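Working notes for the structure below.
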Amino acid sequence: MSSYSITEPSAPQKWIAGTLVVAYAVITLLPLVWILTTGFKSPVDAIAYPPKVLFEPSLEGYVNLFTTRTRVSPEQLEALPPPETWYEEVVRNRDMVIAGPSRYGERFLNSVIIGFGSTFLSVFLGTLAAYAFSRFKVPLKDDLLFFILSTRMMPPIAVAIPIFLMFRTLGLSDTHLGMILLYTAVNISLAVWLLKGFIDEIPREYEEAALIDGYTRFQAFYKVVLPQAATGIASTAIFCLIFSWNEYAFAVLLTSGTAQTAPPFIPTIIGVGGQDWPAVAAGATLFLVPVMVFTILLRKHLLRGITFGAVRK
Amino acid sequence: MKTAKLLAATALVAASGVLAPQAQADELTLCWAAWDPANALVELSKEFEAQSGHTMKFEFVPWPNFADRMLNELNSGGKLCDLLIGDSQWIGGGAENGHYVKLNDFFDKEGISMDDFAPATVYAYSTWPKGTPNYYALPAMGDANGWFYRKDWFEKPEIQEAFKSEHGRDLAPPKTQMELLEIAQFFQEREIDGQKRYGAAIFTERGSEGITMGATSSMYPIGFKYEMTPGKYDMEGAVNSPEAVAGLEFYKELYKTATPPGYTDSYMEQSLDAFKSGQVAMAMNWFAFFPGLYADPDTGGDKIGFFVNPGQAKEASTLGGQGISVVAYSDKQEAALEYIKWFAQPSVQSKWWDLGGYSCHVSVLNDPSFADSAPFASDFLLAMDGVMDFWQEPAYAELLLAMQKRLHDYVVADQGTAQEALDKLIEDWTETFEDEGKL
Amino acid sequence: MSDTPFNRAAKATPPSVAAKIRGLSDRAIAWIFVLPTIFLLLAVNIFPLIWTINLSFTNFRANRPNREVEYIGLRNYERILTDSDIWLTMQATAHFLFWTIFFQVLIGFALAWLINRKFKGNDLWTTLIVLPMMLSPAVVGNFWTFLYQPQIGLFNYGISFLTGIDPSSFQMIGDVTLAPWSIVIVDTWMWTPFVMLICLAGLRSIPDYIYEAAEIDRASKWRQFWTITLPMELPFLMLAVLFSGIENFKMYDLVVQLTGGGPGSITELTSINLKREAFEKWRTGYASAYAIILFVTVFGLASIYVKALNKVKER
């Protein structure tokens, strides 16, 4: 506003504050930058001492991420027909041949299916519940709301014991459906909490006007309230998606293959003899970059959402 | 690619006509650890795919996560694996909790005799209760913990001279645990070819089974036992005998004085890394890796030598290795059994060894040419003669975790004494066996 | 708009039913809207909680389906509370909690205060600082083991660059004294932004006119900070402590990937210990009792804390 305001910090103050924050940001981002760059290093460069900042980019990490390889003897290698593709050539240079695709693609896809599936469900159910909590008298409302939130206090491992038994009985272990339901249940408390906040902010007058115009309650809900809450719903959805995307403890306990998501899988990527850091970094990069991009693009809604749930109470 | 394979398989079946065993082609999933032999098995199984028309899918999990993941899978009644090459210690749980299909009837029907497999491997990988003719797996991969060393360094005249003047004997692969320690300490921080080298890479991993497998390799020869009388669970005086304490103290000394820095949580991969990157003169690891190590272009061939785990009071090696089982929750048990039938054939077993898998079949092991077929083959036979294994009880995981904790606390984290560690271990194990109703 | 799931559901509903729904009373709609959520929470939260309580009085083992289950009263609770190893993991957890909260609140508040100086581009930099907390702790934690490698790791190299210490002379995750700090460092790196955002929300909620009034009274900046900023920020700081406390108490993925609880059991936080009991040793009954004890502890501490927080707010 006016630069004459006495509460506005002075220019040198701003400059110092800015420098300090930027310095912190640079340090805090170094590990992330290191993940991104390690994915493009050759295995030798990745473990070079001192750590290499400048290096010749290589796609070996990505090739290793998507393939399984076997070592062959030089004689066998000679006998093979020349490599057909560039990635085959990369592998041959290491005295190996491609044995098949790795499991990374499947795990990534599982993350997508389970992430989007549970996000859709939690936002769908969450919106309904939030609307009811916001507009109607629901018996024991405050207790229910507090209870919904308190379910997030438990360490996931503690909750996982009965869930494990339940899934085993119902045959839901290692299935997409089971994981979608579970993540929905975990997410829905936050979703209701956030969405109630957004819906509370929509003036009741809009709906009341609609009701007077002859809309039913239901029509008023989806024709008037929903469009108004669209931004809130979208940012809630992103929170749910990020949670499901990142979740590890339940995934490691309740899935083993068919429905395993990427987070338990990525740390187990190993090469032929020895940890293959470029491949791990490549796997991590593909998995983390979408979230980073989302965060930067949608920062306005996201940052508000993070504190929203916490600060409102 | 998959279609092409299928087409090829169909063509083969159509051409032979006789070979088509079943109308229905299944997709079988075989679960195992992710390591060199697993890649060899993929290669070997192509023959099965071509013959049977079934397709094989593989789920390989790295060792540090293998037990955790697969036991979880079994305990949740999962259908991920049709065939499982599970660790030797799982057999008790697999049998008693109904995870594995009992194979006796199948063996009888198909004429597969357990006499065709080395007795030590049948005992360790197939039977439950131990030693009884109740089979839950077919011995698939014999294995034990062994050692390899930098032959090229051992042969350097200046190294040999320095060793002789220090110790008054010739530098050679160790015959006892004490010699092993001496040699490892000799190489510790020694400069060779302008680089600082270290003595030995050993197992210190905390999470799964690493430090137990490593430490028992020293403790068994020095005098550690599980029970005073086999089958009685009387651990007092066996687990914490003066010899057992000395064995554990020995392993700590080896760790503290003769291993490269930073190897506080190392298992198979780290041992391989340390050796291949030229950090250590010697390293322990499973025989399963030896074919790959020998073939390594940089540190294999003339540069590598192998030796069996050195004895002390007696000759003993820590047992590794696995049997192949059919998972009881699988919907494709018929096809899975077909795989086992195929795998048990002597011709397949012999090819298995050629590809780098350690066959347990006597036709392979007793072949006069076996001992010379690889530089580590005779050591393998020697090791398998004296193998000792951890508890194979259904409560094995709990017993193992207790030992992991007590050993790691003492050896790596410097908590308490060896005597205290083993005394506490008896307490832990007693509690478990009491829970089990065995004490 | 026309493609919302609600619309599709509405279109797909037969007219007679639709008419009925539209004509539903508010009360009925409220229940229809809330019930699925309640049901899901009952099925995945309440029912399991009751089941866990029940299991905690038994010797049940999930890996031994054929064994008879016996009720053994409070024996599991007794065993846990008298087990000296469990008290050690509690100590490890306390150390982790105390120092992560300490550093996160300290750094988080400082950052928020600096960002609130409203320098140019503060919005973008805030977002960049927030990035670590948006990422998968397991994946990032796993990569940190690489950064912590003695000699080749970036972290050791950085320390060596700044202090001149030989980078291969120390190991963060393998050393008994350094390991507890290695997890504190990564956790602080990851979760400080969360505390920062809460503090920032607090700072932004303080109205300008209060400072203007203080300025007229010629109160020094220093005094303004102590008499206005800090007291008004206090509820937010306390909230930050609460949330960061709960999050860190639940901590599993990051630490298990970093140290796995080692060396020995030096960094074995309660979650990791519980996981071993429940899913590696499969002492289900025992682990259930353990989970209940943890739940009661957290719930109790959080309730007391929230009461205190409300008092501060009322002031």
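In this document, chain identifiers A, B and C correspond to the written order of the chains, with residue numbering beginning at 1 in each.
Keep this in mind: a residue touches a chain if its C-beta (ideal position, glycine included) is under 8 Å from a C-beta of that chain, and two chains touch if they have at least 3 such contacts.
Computed from a prediction, not measured in an experiment: that's the story for all the values here.
Chemist: Which chains, taken as a pair, are joined by the highest number of C-beta contacts?
Modeler: Max contact pairs: A-C.
Chemist: Could you tell me which chain lies farthest from chain A when each chain's centre is the average position of its Cα atoms?
Modeler: B
Chemist: Compute the distance, rounded to whole Å, between the mean C-alpha positions of chain B and chain C.
Modeler: The mean C-alpha positions of chain B and chain C differ by 40 Å.
Chemist: Give, as an integer number of Å, the spacing between the C-alpha centres of chain B and chain A.
Modeler: 38
Chemist: Based only on mean CA positions, could you tell me how far chain A sits from chain C in angstrom?
Modeler: The separation of the two C-alpha centroids amounts to 16 Å.
Chemist: Note the residues in chain B that touch 2 or more other chains, in rising order.
Modeler: Answer for chain B, listing residues that touch two or more other chains: 72, 75.
Chemist: Find every residue in chain C that makes contact with two or more other chains and list them.
Modeler: Answer for chain C, listing residues that touch two or more other chains: 62, 149, 151, 279.
Chemist: Listing for chain A: what residues touch at least two other chains?
Modeler: 164, 168, 253
Chemist: Applying the document's contact rule, which stretches of chain B touch chain C when the two form their complex?
Modeler: Residues of chain B touching chain C: 68, 71-72, 75, 93, 96-98, 206-207, 261-265, 394, 397-398, 401, 405, 408-410, 412-415, 435.
Chemist: Flag every residue of chain B that touches chain A in the complex, lowest number first.
Modeler: The touching residues are 29, 34, 36, 39-40, 42-43, 59, 61-62, 65, 69-70, 72-73, 75-80, 269, 272-273, 276, 289, 292, 295-297.
Chemist: Contact residues on chain A for chain B in the complex?
Modeler: Touching chain B from chain A are residues 68, 70-71, 73-74, 95, 99-100, 103, 164, 167-168, 171, 173-174, 253-254, 256-258, 268, 270, 272-275.
Chemist: Within their complex, state which residues of chain C touch chain A.
Modeler: Spelled out, the residues of chain C in touch with chain A are 1, 4-7, 10, 21-24, 26-27, 29-34, 36-38, 40-41, 43-45, 47-49, 51-52, 55, 62, 111, 114-115, 117-132, 134-140, 142-144, 146-147, 149, 151-154, 157-158, 167, 189, 194, 197-198, 200-202, 208, 211-212, 215, 236, 239-240, 243, 246, 249-250, 252-253, 257, 270-271, 274-275, 278-279, 284, 287-288, 290-291, 294-295, 298-299, 302.
Chemist: Please give the residue numbers of chain A that touch chain C in the complex, ascending.
Modeler: Chain A reaches chain C through residues 5-9, 13-15, 17-18, 20-22, 24-25, 28-32, 34-35, 38, 47-51, 124-126, 128-129, 131-133, 135-138, 144, 147-148, 150-166, 168, 181-182, 184-186, 188-189, 192, 216-219, 221-222, 226-227, 242, 245-246, 248-249, 253, 262-264, 266-267, 277, 280-281, 284, 287-288, 291-292, 294-296, 299, 302-303, 306-307, 310-311.
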